[in-house]
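The structure under discussion appears below in the form of structure tokens.
Chain nomenclature is as follows: A, B, C, D, E and F, assigned in order of appearance, with residue numbering initiated at 1 for each chain independently.
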Amino acid sequence: MRANGRNEDRIRPITITTQVNKYAEGSVLIEMGDTKVICTATVEEKVPPFLKGQGKGWVTAEYSMLPRATGTRNQREAARGKLTGRTMEIQRLIGRALRSVVNLQALGERSITLDCDVIQADGGTRTASITGAFVALVYAVDRIAVQHKLPVFPITDYLAAVSVGIVGGTPLLDLCYEEDSKAAVDMNVVMTGSGEFVELQGTGEERPFSRSELNRLLELGESGVLELIEAQRRALGALELKIGSNRPSREA
Amino acid sequence: MRANGRNEDRIRPITITTQVNKYAEGSVLIEMGDTKVICTATVEEKVPPFLKGQGKGWVTAEYSMLPRATGTRNQREAARGKLTGRTMEIQRLIGRALRSVVNLQALGERSITLDCDVIQADGGTRTASITGAFVALVYAVDRIAVQHKLPVFPITDYLAAVSVGIVGGTPLLDLCYEEDSKAAVDMNVVMTGSGEFVELQGTGEERPFSRSELNRLLELGESGVLELIEAQRRALGALELKIGSNRPSREA
Amino acid sequence: MRANGRNEDRIRPITITTQVNKYAEGSVLIEMGDTKVICTATVEEKVPPFLKGQGKGWVTAEYSMLPRATGTRNQREAARGKLTGRTMEIQRLIGRALRSVVNLQALGERSITLDCDVIQADGGTRTASITGAFVALVYAVDRIAVQHKLPVFPITDYLAAVSVGIVGGTPLLDLCYEEDSKAAVDMNVVMTGSGEFVELQGTGEERPFSRSELNRLLELGESGVLELIEAQRRALGALELKIGSNRPSREA
Amino acid sequence: MRANGRNEDRIRPITITTQVNKYAEGSVLIEMGDTKVICTATVEEKVPPFLKGQGKGWVTAEYSMLPRATGTRNQREAARGKLTGRTMEIQRLIGRALRSVVNLQALGERSITLDCDVIQADGGTRTASITGAFVALVYAVDRIAVQHKLPVFPITDYLAAVSVGIVGGTPLLDLCYEEDSKAAVDMNVVMTGSGEFVELQGTGEERPFSRSELNRLLELGESGVLELIEAQRRALGALELKIGSNRPSREA
Amino acid sequence: MRANGRNEDRIRPITITTQVNKYAEGSVLIEMGDTKVICTATVEEKVPPFLKGQGKGWVTAEYSMLPRATGTRNQREAARGKLTGRTMEIQRLIGRALRSVVNLQALGERSITLDCDVIQADGGTRTASITGAFVALVYAVDRIAVQHKLPVFPITDYLAAVSVGIVGGTPLLDLCYEEDSKAAVDMNVVMTGSGEFVELQGTGEERPFSRSELNRLLELGESGVLELIEAQRRALGALELKIGSNRPSREA
Amino acid sequence: MRANGRNEDRIRPITITTQVNKYAEGSVLIEMGDTKVICTATVEEKVPPFLKGQGKGWVTAEYSMLPRATGTRNQREAARGKLTGRTMEIQRLIGRALRSVVNLQALGERSITLDCDVIQADGGTRTASITGAFVALVYAVDRIAVQHKLPVFPITDYLAAVSVGIVGGTPLLDLCYEEDSKAAVDMNVVMTGSGEFVELQGTGEERPFSRSELNRLLELGESGVLELIEAQRRALGALELKIGSNRPSREA
């Protein structure tokens, strides 16, 4: 039995509080169970050097945990003088995933930085960061769209992420820390509102996994993402209607 | 006239929410107006090398701002690969101030790290950090005191801090960011519950200041600190009685 | 049509030259088309601090590219003073994948470092590193097994990796650099000799991908890994028989 | 009794030797007892990015100690790869204090860097740095004033600094290292020639201090600074007359 | 007797394989006995800031060893976060030596970077790097000369380097690692095709050395360099004729 | 004609002032013309890890220039966060040279660090550092020898260094900065009191140099070193007699 009597195919209680920061162009506090992440979106009217002059925008992300977000205190990366491999891997993932649902051409030559700061960690911080950052991103994009009268709303679809894994032989949805630390197989699933994969990262931590196990994990992930997108819709309120109204037809 | 009709000798609304983190031995969310800081206290059963084997404890602090705690986004110090001078100065100040009201001998050979993470900044982040960290510290110390049956409660007195300054020729208590950026003179006052100074840092940012101006600033600071200590007492509840019950008599 | 008339489901010509370094306990030059990686295995009779005294061994990997392994010269990470996120992500992947087929208990309290240095890059450097490092690892482990008369051979199964992707709407096996840079979807598949997944990393670089596309990519990956394992067997010669003779039964 | 029979309210013997460096636009060797600091002023015809195009100048400072300036050798900060918090705090203080007596508008769009290198340390290195750097600064400014025929001499007042503290219950002026290491309260006082405060940094190292103790320390500091300014006047010779001839009237 | 029956005044077998990298403008694998170095030359149409606008080119070098190039594994400099003093010293030497035979004016405002990566080390890696990098450099320069129709071929002379030393009282040419580790005196000799010195670095590792010992070492070095230049000529093939055809007459 | 009417074969005026630092076990201010270096020797009763338990001592050196030691200000290496290649090369040279005249066995398991800080630079800072550091070293060693009643005085010979070079076709001894910047050939010569070479570093900055030019430079260097050793003897006073009294007979 899981903690709080949760079923194998259930996500934890989710709360998305919007506009929690008085300065940021978009901001969100996302809580999935005891995992809490502040996501802020910052708009800047410039792009990285490699994009200059192309008329396209950029979306990037940074991720960090407060030192005591976890059971034992972690040394600050600023004090160590460098980012850990884990942090780099996670922030690259978040940025890549978010860009997949942004029409960078429609955004214009400006960039948005999503800061995901984990206030408290109980498993699934990277997937909660993606799910929360998406909402903060939409708020920031809307502000740009209104202010600059963009002809096309640059968000092409919903985007959310959840973790799945095999613990004690049972495939589970949305692992908390205790489950995650015992998982034989661990997978992060990032999907769009139209039910397609944006990113899939599965690891056989303790043992390899078969094709049929993979299929069961993907099913769990899919149902979890659908529920998360419902929560995003509620958090977005009126903005909800703008998303994907201009979804590009599929190419290459 | 100050924002929100505040008088020259008034602090901003203050809220101290305790035990906001499920892992930390002590934790606090302190809000002074729009300035919000999460302070967590972590206890470790070891001391830095220079204290080993002396039977004494240690208290230290770290300070950081989320990138978008301010009007424009700041680069993360972890990404820059090093702490700024400002951060180092602030965290040295916080640690030094807290140690002044801790009986390190009574604490025993263990250390407490106070992490002060600014979620949103509107002036006075370092003084809010001291005021909030003190409360988190007391919670953590109480846990040690109970668990290890310490004969003496190691906190010797209350400790709080506030900023004062001269803006447009007028001495003001508890500057918000906008006031601070226009201040000709700027001072941080750290005081104990018994009304003595622990730290005094005054700077003539725009012009030097006279002895009589100094005196007026100290009066404002003193009254501000008294109010803050009242808020700390309320936040500490039953723990309030333990503080200073064993205050050491004055020596050298 | 692909370069050199290659079919969609074909890997590039592969060569694995063993024991190319006179000092290393195991070493391999792996060539997949124009991608060339030197993999060396170094044995040390000690383990990282977190494993000390547990009687278990450790396997880890480091990855690097020579500055001119690619079309334009890259700055050395040593000159930049830090590893890029890409490098960290890759070397974490290689180490994790290799550990999945090592019985760390049987290895005993010693560690093996796999250095994967890309001499020339033409796509698929991380998967070639895994495939080549596996062979170098087996040589090093055999040396330990013989020297210390290990009762159980610590390699539990074969391990190889290959990239797959969707380019111009067509799913392809083993992408060269030019294909990779145009891929809409990109996936790395790491599998064991018994046909199970150890790691799966799929990214919709240009657009999300559907469940049926995923299935086609997995099929391609599976067939590619089988061919690579054949090449590994040939490169291992007599050592081939020792692998997996003691494969643990499934748990967790 | 203090070393060398010094009274409580006496500074140590002070020597300021000017123009000790053949390249620098201004340079000074200041000796206060056994504390020796070389201060050089370097003029550059450019300003930091944040001041560009505003027609204003900049004054900044750097501080360092030779490894064996002290009783035991300190590791070089260059070898450690970063500045300590103490160094950052000190050089920020020196720069801020010097800027308070410079009319940056009158200086024009150029910057002056004051390097304070402690050759031998016996307490009070930061205050000696300020006192010495002021003299080097005046020499450099005079060179600019003459060369560019500045209509207003950009130094508005004298500036000097001294440490005070409470040792064994007695307030003392100008602490040497041995006294400083035993001080219960420690304060640095930076003042102008017109007797006003530019910076005040008081710390209750061993115990908090009262308002009346503060007052006694400020009196000692004031008398010390007056003596130091006398020494500066002598070291400046003919330049002495130029200072403050254009002191701005007080504003906000 | 030396390993493999080599005489005191003999170099080890040398092989120079050219154009081993499909991307680099020039590339070489040089093998001297068991020492193996890959040298690549990268051309960029820009120069460092200090040379901008002078119409002159630049040649520089970087040097590195793979972690397991040696008997025991070395930590990567990228992982340590900085270059060792040894590496810096060597790459400065290689760059300086190569520049001495390049007519930077004739090269035009472009730069060439020589990367010397030691695949396997058995003594003499820095001298092998110089000897190999020279050949890679000529290939790259020829490509520039042809493409840009340079009126003068910018390589003014041959350049090669060899180590000499005194081992067990006997002066030896081209030390392998085992000899080098026992050498009392150690010297690197860099010479041109016309028999003059470009760089001479002699160190009395175990004892000082006399003028007559120096003379014997220089003779050995001279004969070694002549043999190496023969090998370079063979490796250059038709390019051989272009070198030094425009050697500048001596000045300064 | 050289500055100050100096002949080609003359060194600049040299002054060695001893024991200029009240804390260091040995200290010297060496002035060669306008080049001024403070050298301090610090004794520590421990050795680096690689020497532990072997009963042998260690001598090492660090080198640095004050930012304004030169005509234009250099950024501090501590601010840059790392040592330049030039600094590393120089401090390795100084340490290696000094060790060549120390009997590390006789010194016992302790280490001496020579800090060479250039106060003002006018050419020849590395050679002045060696010459000055030798004197500081002897003072420190004598203190050890007396205190620990060493049976053998651990300094085996004198050691001094000087630069030579070819400027405008003329070989010159002891180059000042202006000469050095125009030199076609540049050489540093480190020699012992018995007239043998410890280190020889010659570079053809502008053109290669012939064997006969080398010979002339070595003659100049030899005569310069002899004069410097005379100055060292005068600076050592009574300590002069102790050096080399136990010079080891030549081996290997």
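We take it that a residue touches a chain if its C-beta (ideal position, glycine included) is under 8 Å from a C-beta of that chain, and two chains touch if they have at least 3 such contacts.
Just so it is clear, the structure is predicted and the values come from calculations on it, not from any experiment.
The minimum number of touch steps linking chain B to chain F comes to 2.
The two sequence copies chain D and chain F touch through a face in which the numbers common to both exceed half of the numbers used overall. With angles rounded to a multiple of 5, the C-alpha fit of chain D against chain E returns 120 degrees of rotation.
Chain E has its Cα centroid 60 Å from the Cα centroid of chain B.
The distance from the centre of chain B to the centre of chain D, with each centre set as the mean of the Cα atoms, comes to 28 Å.
Per-chain Cα centroids separate chain B from chain C by 52 Å. Chain A has residues 81-83 in contact with two or more other chains. Chain-to-chain contact here is organised cyclically: the chains close a single ring, every chain touching exactly two others.
Moving round the ring of chains, first from chain C across to chain E, one meets them in the order C, E, F, D, B, A. Of all the residues in chain B, the ones that touch chain A in their complex are 21-24, 27, 34, 38, 40, 42, 44, 62, 64, 66-71, 73, 76-83, 87, 113, 115, 117, 119-120.
Remark: chain F residues 82-86, 88-89, 91-92, 96, 100, 157, 166, 168-169, 182, 184, 187, 191-192, 194, 196-211, 214, 218, 250-252 touch chain E in the complex.
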